[in-house]
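Note that the chains are named A, B, C, D, E and F in the order they appear, and that numbering of residues resets to 1 at the start of each chain.
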Amino acid sequence: MAVSDLLLQGVNLMLLGMGIVFTFLAILVVALTGMSRLAASLSGPETPPTVAASDAETDDTELIAVISAAINRYRSR
Amino acid sequence: MSGFDALWQSMGIANMEWGQVLMMAVGCVLIYLAIHKKFEPLLLLPIGFGAILSNIPVAEISGPDGLLGMIYHVGVETGIFPLLIFMGVGALTDFGALIAMPSTLLLGAAAQFGIFATLLGALALNMVPGFDFSLSDASAIAIIGGADGPTAIFLASRLAPDLLGAIAVAAYSYMALVPIIQPPIMRALTTEKERSVKMQQLRHVSKLEKVLFPFTVLLLCILFLPSAAPLIGMLMFGNLLRESGVVERLSRAAQNEIINIVTIFLGLAVGSKLSAEKFLSIETLGILGLGALAFCIGTATGLLMAKIMHRVTGGKINPLIGAAGVSAVPMAARVVNKVGLESDHHNFLLMHAMGPNVAGVIGSAVAAGVLLAVVGG
Amino acid sequence: MSGFDALWQSMGIANMEWGQVLMMAVGCVLIYLAIHKKFEPLLLLPIGFGAILSNIPVAEISGPDGLLGMIYHVGVETGIFPLLIFMGVGALTDFGALIAMPSTLLLGAAAQFGIFATLLGALALNMVPGFDFSLSDASAIAIIGGADGPTAIFLASRLAPDLLGAIAVAAYSYMALVPIIQPPIMRALTTEKERSVKMQQLRHVSKLEKVLFPFTVLLLCILFLPSAAPLIGMLMFGNLLRESGVVERLSRAAQNEIINIVTIFLGLAVGSKLSAEKFLSIETLGILGLGALAFCIGTATGLLMAKIMHRVTGGKINPLIGAAGVSAVPMAARVVNKVGLESDHHNFLLMHAMGPNVAGVIGSAVAAGVLLAVVGG
Amino acid sequence: MAVSDLLLQGVNLMLLGMGIVFTFLAILVVALTGMSRLAASLSGPETPPTVAASDAETDDTELIAVISAAINRYRSR
Amino acid sequence: MSGFDALWQSMGIANMEWGQVLMMAVGCVLIYLAIHKKFEPLLLLPIGFGAILSNIPVAEISGPDGLLGMIYHVGVETGIFPLLIFMGVGALTDFGALIAMPSTLLLGAAAQFGIFATLLGALALNMVPGFDFSLSDASAIAIIGGADGPTAIFLASRLAPDLLGAIAVAAYSYMALVPIIQPPIMRALTTEKERSVKMQQLRHVSKLEKVLFPFTVLLLCILFLPSAAPLIGMLMFGNLLRESGVVERLSRAAQNEIINIVTIFLGLAVGSKLSAEKFLSIETLGILGLGALAFCIGTATGLLMAKIMHRVTGGKINPLIGAAGVSAVPMAARVVNKVGLESDHHNFLLMHAMGPNVAGVIGSAVAAGVLLAVVGG
Amino acid sequence: MAVSDLLLQGVNLMLLGMGIVFTFLAILVVALTGMSRLAASLSGPETPPTVAASDAETDDTELIAVISAAINRYRSR
């Protein structure tokens, strides 16, 4: 195939490709925004589960803090 | 005594070809970069070692009955290894920053222009004597601009297996070079004032949103681009394992055992494609050049889109985060953070850059889907 | 421009069939149950996601060259995945309660009546127009009553691959529903006084007994039922890895890495069998109904046998523990404990229920062996 | 095949199957009882290995106890 | 009723052959040795269990469609499993002691005489009626003298698959017997004074040396013995993962997940080769005898070479460390240490014995390469 | 093939094999010595990285020491 034909195909593919990538991700922006609203309306106040989750995280950090503190205490003797 | 003769004939020095020596040197360079410069060592070290092993004369380790040949056949030709890596990446990635600010997806989209510009560049290179890239070849090369290793390997294994070695090496090398390639472009395309923009703290993202996210992305993929479904499907499966909170065992397996084991084998298998006749050609130079181009263009278009968003939002967006849209997670986001700190020592952009950064992963998987659908169909 | 046309033709919305949409919805329901209701999430989440992926139009992910199709071919068609899961289950299971009180094996035996009654039920369904279950089909369906996921998948992959998806979904769903299905039957078939029976503490089981246990079970299997040898062999191998005390590394690998990795792949592969033409049929409804029947009958016959043992031993056996004979480890044993606590707040039956519970695993593997020997021969 | 034939086969299979399952597990009851006796006679007094084993378990629980206690102490400060 | 008949025909007791019973007993003995005597339990326990499973009548577990048969086909016939084990061994081995004192390589070389003397012995056995070892068979048997399990399995799978079971059992059994076989030979060939020699502390080995080490070994292998490249290549790849310091994830995967999983499967697969017709032959007795001979000769020649080095260095080398040259890592080095302590309670030879010990691994891989090049070519 | 022929082949193989094993490992002795010298010249003083590495090891042992000490302290109460 002549290079010019290939390049023409390439330009078409570029336009098509960027078009689709942009369209796809733009629709995804809309979809994610809608999804977040749906999630907010589904879970209502929704604070409780979040708190629980962050609780678990606190525990985790706390554990690390405990261990670090223990080690520091031991070292500082 | 025939034993001696057979033995001499079986020695490496009696059978060594120049190309093999050079390819082993290439393997050593990759390993050097991996160890000394910390260039994506998880992939480049096994790739480099695979290159050495597969170029050992007589041993035929990358032949159909050799270890690396069999691994390649089972894991790369089938596409299984890159897909499992994608599952692991999904299980390792927190898409929270993207969910909190979905508009950053547009940055991930813009940065994929690097891919398609490179496609054109590869085809244009055919005007130089010695180059003969088909549309498939050019597509596989272009995906280097996606700055995403497993996507590049997946697409190359489907569209241009002969170029797979060079493409994978280029993709991972430039991903490692992001801290060197991107900052000058970032400084050139943005003003000091733009770089100093402080962004609003990201809102909290609920667990439910994180669970619904993989389904939302997958739904669009199913409706509009099923050719990207293997990649995006496994990415989202891994992410669901992570976010569902009920399959801790499986999430850990995807994040550790599976991805680690597969990385070793994938690296060795990719290395087995670094043979002299395939790699030591003018085309490899072209691929390396085009790859650099792809990264630069992707960075630039990401930045330009971020500048547009900066204007549209009345200055709420720091244009630097556009550079993270090329993906290269999390390196590109860290580079954004670092360049941002140069302008304002208290401006931490890391979390804001993570949005376009992971958007870039989705963006390049979408681009790969388009290329597969049009070129690979 | 042909690119546009090819692209439209490659889009999901242009190729979507109703059946695929419905099956994706089924997949979503399974995932919802897994995440929100915690229904056997380790299996139902990957199965549900596999169902979604394999019903994506155009992508052919469950086809012979698709990821899920290849995983199914390698791991399920060959029987390898269920057998490795069985090895892991063996490595995770402490048979101490059973060794301390071998008579509870009879409870595990009685509860398998659920299997054979369901077999008859499946054959009888052929009188209803629209059903056409062969003896193989009926056997594969019946094994749902064994309340043991890997056994069901193993047998279905051998006797009725077309029904595998529905059978696996039914098996795991009802295993998850054990806390809802069993208690009413338990209360209906036992008196308050029976439920309050306190059982003697289990004797201590020596390490030597635990090491000899796998050999004892395997020996009987070899002598009388070699068709069950793959299942029971791998179960006992895993248990020996655990109890031998000298191969800690291998025991850990069987309990973690192997079972976790295989579970992900097994789930996805089973999900790939949830295609519209196979799953959206009247037969699936029949399978779901028969599965529920199987669990109810198995629970009832286990309880009845326990009542007999209660009489024979002069009241030493609490009849509730018979319900644990269906296996569904450790869910059924926990249900026994919970129902027991309702009658007496200080009566902990958990350990006593573990005996029939693990006996149920062996019992259903034996039943599977019989079905394989007679029907699959 | 006629449904009645199938049902007949099914009844046969049911009788055969339950028979085998029961027989198998009943023999296993006997075999396990024998096995336990054998184990008891083989190991004689047998207390030492058991003690060692339970020792190891104690260590394990003790370790957990130690860590929990350390954490509790740290928290209660 | 045909069901009954079919069932009886399907029972083990109706089909059991004497050879199978004996082979199951062999399996039980191996497991007994593994558990009770702690004879290389990581391999001998799965091998023993594999032997039991594969000799179950009717079940055909080691047949082409049976679990063990498939595992053997995929992992052992292809050589993949031993090579992955070698990668793991490389990742687990610290070659520092060898780098600090490269001259100990000569001890590793001398100890390989056990291999070649056994080769001659195997051929000489053909003079005894009932033995008919080809040159390939003799080579595969001889490698037992390398005291290295994966090397033995790798070579046997290539040169004499029929003898693989017996060879693997002999190799691992004698490796376990090293503490019994070696000390008398060590005491016989050395004087009390020699055994009391205290060696200079090993010099510190830099990280750079440890990183360059795998390349040095691999380079020689490439130049002179590419037939050993798969073995040595994977060993050195694993070691580079360990020493590079930049791929901690991969190093851990090679040292744990991969080697543990592969060990289970390799053991079972090797066990599947323990069939009566292959194992219960006079040849197995020959192999066991030759294996013992190989270990004794290797130990002796290692010691003799160490005595020469003792003289040459003016008494700086304790001749005991020569015994560690047979490999059997780290058992042989520990035996050296123990025997050394008998002569002087403060003389710790462990680190000094690690040099020849790991040199023995390289030595037997080199010997395997020679045999493959000359015999397998 | 006659046993004597086989034995002759075996002797040849033995000589060849031991020859190669010895030669190979002897060259390796030289190569490793050279490699060590190369490494020494490349890294010059080279102490810093080594120190860093051993630092990390110290930390590790220290951590174990800390934990053991903590457990012992707890037990000895």
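One rule holds for everything that comes next: a contact is a pair of C-beta atoms (placed from the backbone, for glycine too) under 8 Å apart; a residue touches a chain by one contact, two chains touch by 3 or more.
Bear in mind the structure is a predicted one, so any value in this text is a computation, not a measurement.
The chain with its Cα centroid farthest from the Cα centroid of subunit C is F. With centres computed as the average of Cα coordinates, no chain lies farther from subunit D than B. Rounded to a whole number, the gap between the C-alpha centres of subunit E and subunit F is 18 angstrom. Averaging Cα coordinates per chain places subunit A and subunit B 18 Å apart. A separation of 36 Å divides the Cα centre of subunit B from that of subunit F. Centres computed as Cα averages put subunit B at a distance of 41 Å from subunit E. Shared interface positions of subunit E, i.e. residues touching 2 or more other chains, are given as 3, 7, 224-225, 257, 370, 374.
Annotation for subunit D: residues touching 2 or more other chains are 13, 16, 20, 70.
Listing the residues of subunit E that touch subunit B in their complex gives 78-80, 83, 211, 215, 218, 221-227, 229-230, 233-234, 237, 240-241, 244-247, 249-250, 252-254, 257-258, 370, 373-374, 377. Remark: subunit B residues 3, 6-7, 10-13, 15-16, 24, 28, 31, 34-35, 38, 41-42, 45-46, 49, 52-53, 56-59, 61, 65-67, 70, 256-257, 260-261, 263-264, 268 touch subunit E in the complex. Those residues of subunit C that touch subunit D in the shared complex are 98-99, 102-103, 105-106, 108-110, 112-113, 115-117, 119-120, 123-124, 126-127, 135, 138-139, 204, 206-209, 212-213, 216-217, 219-220, 224-225, 359, 362-363, 366-367, 370-371, 374-375.
For subunit A in complex with subunit B, the residues that touch the partner chain are 3, 6-7, 9-11, 13-14, 16-18, 20-29, 31-33, 35-36, 38-40, 42-43, 46, 49-50, 53.
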